[in-house]
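This is the structure I have questions about; it appears just below.
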Amino acid sequence: MFRNQYDNDISTWSPQGRLHQIEYALEAVKQGSASVGLRSNTHVVLLALKRSSGELASHQQKLFRIDNHMGIAIAGLVSDARVLSNFMRTECMKSKMMYDRPMPGSRLVSLIGDKAQVNTQNYGRRPYGVGLLVASYDDETGPHLYECLPNANCLEYYAVSIGAKSQSAKTYLEKFAKDYGETDVDALIMHGLHALRETLQQDKELNLKNCSIGVVGKGQDWDVIEGDRLKAYLEQLETGAATTETGAAATTAGDLPQGEAMDTE
Amino acid sequence: MDHFPTNWGNPRAENVDSYNTYPVASHIGTVPHSVQQIAGYGHTNGHPTSHTQSPVVTGTSVLGLKFKGGVIMAADNLASYGSLARFRDVERLHQVADFTVLGASGDMSDYQYVKNLIDSQMIKEYNADDGHTLATPNIYEYLWRVMYNRRSKMNPLWNTFVLGGVHKGERFLGAIDLKGTPYQAASIATGFGSHLAQPILRKELETLGGEDQISEEQAVKIMKKCMMVLFYRDARSMNKFQLAKITEEGVTISEPMSVETEWGFAENIRGYGA
Amino acid sequence: MAEHPFQHPSIPSEPTPQIHQTPPTQQLYSREMFSTYPGQVVADYPVSVPIEHRFDPYVDNGGTLLSIAGEDFCVVAADTRQSEGYSINARYVPKSVKLSDKTVISMGGCYADCLTLTKRIQQSMEWYRHAHGKTMSTAAVAQMLSIMLYQKRFFPFYSWCILGGLDEEGKGAVYTYDPVGSYERESCRCAGSASSLIQPFLDNQINFKNQESQRQQLSLDQVVRITKDSFTSATERDIYTGDYLEIFVITKDGVEVQKMDLKKD
């Protein structure tokens, strides 16, 4: 449905000034299940919806620990994400080895940007098929949340989501954006779960198996909350559902408007 | 006539200089290094082709002491060429960051190289402009890795460095030698200073009640006393030195100064005169 | 050939290159063309000569370490003096590092090597955690350390290592190493500069050598007392041992550190 004569390789422009292959890579991110991230003044929370191919199959890992002070959530090709997380882990260890300092999140994110950009300009290469949400904390500059996409755009956010139906989550996140700053971790997680729930398919529910939460922040090393530890949060989600339902207006997952693939600033 | 003191008809025939006070010239004399390598001269004469095996232009002791609210460091302004007092206005204390000072003893060219390495790192940090910079412990770790890696390549940087600083309200004073040995202490003295000044520094720390009890004025006084003792007894020292002070306010490196000395006949001093 | 007046007497007039590749058969130029003084030999083909180094990269920084395994605990202790020859560099330089809630490593020898090795162990343990989502067991660290030491068989880490901790059954475990990775599990071991003073004492007091009738299961309290006595005694006679004693006690509740003064002379 997208086919046209300017999308055979990464390094050919269309007459409209677009690079189709890169836009396709962005579509790969949208194929993945959603990941949501949001930030308070002290903490960052990442939430992800885990898919499984069937009743007898395990669920796909969506959150990765990078270091004590950093974790990522992904949407898209998991194999690409594993390559990138491996790179990130290596860089973090280099920083520890060379300077005895945790890798600053902003620096690592720009390194990923540099890596991803090469794949958007060189003939015969393929952009990464994965979007990352990077949560990091350091004592100097506090908590940070970044989004890294295959088009090599890396941006910082207060709250963001990627993956299938992520627009619905974004709509929720934007609605309560002013609350996140002073919020405690548990409330931040609840906001995240509400946003994540917006990305579910019609007949699906969040449960202990298909959901995982990652937290990092002040005095809090990266921690992934999964399985039974989710119980309290999911129960609260169910009981408090009615009150917040009204806030999160149901919107259809809108495709990105044309031209957003490459930031042309 | 060349510029190697060992070839000047020096009375001592030194093949080995175990104190590394004296640059020993290549005994092949005029054969350039590159030719030695190609023709294997070194081996035919029983001398190996070598990396830096001894320092050339050297600085002597560097001192460091923690006091209440900061760290003080001292080094004289002399760079010796063997026994020749070659350069008399060399600064061996260098501010590498807002709250960090690097002091160097040993080979001065290696010191300049390391200074350049660290300055480059700091510029990189500054250019990132993201609220992060290398604090004293980070610079110390980096310096340690550099020194250790060079010794592991059997091509050491011939120095003992002292790094002093303040970070997050904590004073930092550490040393690293050419074999990559790191250590931190309330008082540090390199080279001859480890024999002559360190006992004085440790004594003062003990009698005054530790690094938290020493005032800035006292610290300055102690440093000057140590520099005086070193000038009296270390033949490679000079009565012109600088003090560096690192506190929460930042770094101040003083202008060169000197201490009063007495070189008269020691007639009335017990153990010397009658 | 007549002796040239400027020739250095110790240089043979035509030294033969010791190691070289076969010279090309056709000579377009003579070797003498490249000489800068009479009698100098310049090779006009690539040669390689062995590089000999006389720099000694090692230094013995002294210090003594000790570990004793109990039924459900392990004690790892080391003094904190760092020496270089007859000089004391610093009085408090810890030789032991907690690797996990169940494992402590202690090293003596060349401090730069020890610290580097410790960092490498910590990095490997981090990769293990990334890969398997759990902390390495004491036995796994023990095996790994042996391999890491042996990997540098021909430029060894000059480090005497003792690894102490709890095994998978919760029993005390002590692993001891030589600098090139030979290792075994023991009930107790002392290494470093005062090892020859302390080890015989441990043989008698821990392993009940020559007093078989006295054999008993030692309590943590007894073991700590024997440890302290060992170090106070060693400090009397070994100039490289002294200043402070740091004792790590590993039990099922984690790692607890005690400090004790030793003589500073």
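Read from first to last, the chains carry the letters A, B and C; within each, the first residue is number 1.
As a working rule, a residue touches a chain if its C-beta (ideal position, glycine included) is under 8 Å from a C-beta of that chain, and two chains touch if they have at least 3 such contacts.
Only a predicted model underlies this, so the values are computations on that prediction, with no experimental measurement involved.
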Arrangement of touching chains [line / ring / star / complete / other]: complete
Central chain (distance from its CA mean to the mean of all protein CA atoms): C
Centre-of-Cα separation between chain C and chain B, whole angstrom: 27
Length of the line joining the C-alpha centres of chain A and chain B, rounded to whole Å: 51
Chain A and chain C: spacing of chain centres that average the CA atoms, whole Å: 44
Two or more partner chains touched - positions in chain A: 97
Touching residues on chain B, where the partner in the complex is chain C: 27-32, 35, 37-45, 48-51, 53, 144, 148, 151-152, 154-156, 175, 177, 179-185, 194-195, 198
Residue ranges of chain A touching chain B (in the complex, touch as defined): 97-101, 104, 106-107, 138, 140-141
Residues of chain A touching chain C in the complex: 65, 89, 93, 96-97
Interfacial residue positions of chain B with respect to chain A in the complex: 128, 130-132, 134, 137-138, 140-142, 145
Interface residues, chain C side, partner chain A - complex: 119, 123, 126-127, 129-130
